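Note that chain A is present in both complexes that follow, paired respectively with chain B and with chain C.
So, the complex of A and B:
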């Protein structure tokens, strides 16, 4: 619990009770440099033109990491919800909430970029933008489940009670994620790569693409970490000021 | 210009020859094909590089939007912090 400090040292922020500011700054700077390199390489490195895909194969570096990032965020969020139920410490609630908030936003970006990509590959020559492809449908269902999490939180007034109820729901939401994003879509006929007979990576995938793809995933997960840590820091101040960590 | 039109037509033909099992299952019929709209003509030109640009721009704008939202929350917390400090001044 918060004890009042009369004399806050000049370097007060370096002794943040929950965030290592030095590590945060290091991650932030590395992420900004790394993602700049990824965007440059993503546009400049030559790749073979495959029919239908053409240059849009480069979206592998941008669209796919959105979902990896959301998956990582869901893991972080679920872990902290689990820890909240063990310890009852509200910093776990802050972390679970903010990881879900940032992760869901990456999911929205993944869905929107997926719609654009599919429009000019799967649905080219038609006026279709959305055709309930199982992968896209399950992904939007997943986002709705997280939307319900935020609504649930806003409906509860008492921070401690909200933290516990939201943590239970969040564990449910985190458990459904791998099924809705990976397991179920692979059982259904879909135009999205990753299904039977249509692997996301295959022997015709240019090897250099992996060299850009993996740093892109690490970079976007790092970017998630930066945005998430910013919000955790703000929510912590809010908690100290008003006893309510909800942003 | 003719080359561009030719490449668009080629890619259109290629896309139509590819079976889309999903469409036929769920819509139970032919997907209506339309002539490439102005938007499609732009996006399909230059081997569809503008699709990548659109995706990257969308992510970039989305991230900027999120940073603004975080910033707004920070301003709210700062304001309530100022209120608290003034209140404690009154107590003295």
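So, the complex of A and C:
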């Protein structure tokens, strides 16, 4: 079975994902323990009851880190697409693809938590579920772009060509998205904190919330990292066996 | 100058092929006509706000572009002329020639689309220059994105309806700006003064898309 390794193109073997299992396990276990602590603290620690917001404020620990994580994933995916065009080694394609895939899941979770949260706070008493809030629009567009990216990948059969073309699309899409930062806020009103005259944290925010919020960001990005590296190694093994990194 | 003459040769070749068969231009015109007729019939006699008129016009243009311009590079693959083109001129000239040809096609589509729209939906244009500028800049960005993506889909196995899927998520900034600038150009619109930021966005979008395409095109073309 392993004799098939000889058929692997030279470019694919150059960058082998070396994993130091000891260090990997240490980081992974820290992430798992830390996230468990964050989730427990998020649900159990007492927070002030603010009108309308009430206990939904706890969503801060989940909804916001999802966005941070998706942005990190978009960055990782774009970086590896860029490196693929430079080096042509297939491990970069696997990394870009898996970062996009795991990042898209975080994006979906962020969107869902955001929709539910807004339904019970901003739009309470109305029938509104979806509003074209700038950040909501941008996140759903990023998901659409990744959807198109996956569709494009499935339309390409040769792994080397797929890697190249998909990387080009990923980077091409990344050049147009910054326009949204400029265009959308002028056309749509935002209710999100962090916009004009509406700070992300105000003085009535309980200090303990920050103590849980910041570790939650690190924890969810860590969770992304664990899932992402795991998927990269699975895809790499699959590539070595079948010469096709798609899972 | 040599660079320009190479790009011009590609453009001239496409134009000549097009004039022989008139496939793309006829299809685009028919698509625009029939979809505008559908829009007009669906709306009926009701008055439509200028925002809606601008949005409908641009949605028709976007769809016709995504259907009509997708064949730019697929045609080369089908005729088996990719290799000879790769040998004759560098990639950037091929891209420039194809971009110019697509831009030309889009301008025809815009012209016909606007004329038919004026006729069918009683479009009242106050700022003609503003509408023309918007259409010009919007078409440039649209042609840039479409040319690049049609080069991408020419490399795939199931070409079919892939272009709209890849194209539309990228065009949202363009769409938002052209619709709002187009609205300003119609009756009761705000005119030039309020449209400068939209026009800047459109020009910047076209510039960035075309620059990124020129940088990335060789990876797709010399595959």
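Here, the second predicted complex is superposed on the first by the 210 of 247 C-alpha atoms of A that agree within 3 Å, B and C clash if a C-alpha of one lies under 4 Å from a C-alpha of the other, contacts with A are read in each partner's own complex, and residues count from 1 in each chain.
The criterion applied here is as follows: a contact is a pair of C-beta atoms (placed from the backbone, for glycine too) under 8 Å apart; a residue touches a chain by one contact, two chains touch by 3 or more.
No experiment lies behind these values; they were computed from the predicted model shown.
Looking at the shared chain after the overlay, A:148 reaches chain C, while chain B stays out of its contact range. Once the two complexes are overlaid on the shared chain, A:139 sits clear of chain B and of chain C alike.
When the two structures are aligned on the shared chain, A:109 is found in touch with chain B, with no touch to chain C. After overlaying the two complexes on the shared chain, residue contacts for A:212 are found with neither chain B nor chain C. In the superposition on chain A, A:97 contacts neither chain B nor chain C.
Within the superposed three-chain model, A:221 lies out of touch with both chain B and chain C [touch as defined at top]. By the document's definition of touching, of the two partners only chain B reaches A:230; chain C does not.
After overlaying the two complexes on the shared chain, residue contacts for A:179 are found with chain C alone; chain B is out of touch. For chain A, the partner with contacts to more residues, out of chain B and chain C, is B. Of all residues in chain A, only 39, 42-43, 49, 51-56, 58-59, 62-63, 66, 102, 105, 108-109, 112-113, 116-117, 119-128, 131-134, 189-191, 223, 227, 230-231, 234, 237-238, 241-242, 247 touch chain B in the complex they form.
The touching residues of chain B, when paired with chain A in their complex, are 11-12, 14-16, 18, 20-23, 25-27, 31-34, 36-37, 40, 43-44, 46-49, 51-52, 54-56, 58-59, 62-63, 66-67, 70, 73-74, 77, 80-81, 84. Residue ranges on chain A touching chain C, taken from their complex, read 85, 137, 141, 144-145, 147-148, 151-152, 155-157, 161, 164-165, 167-169, 171-173, 175-176, 179-180, 182-184, 186-187. Against chain A, in their complex, chain C makes its touches with residues 145, 148-149, 152-153, 155-158, 162, 165-166, 168-173, 176-177, 180, 197, 201, 204-205, 208-209, 212-213, 216, 219-220, 223.
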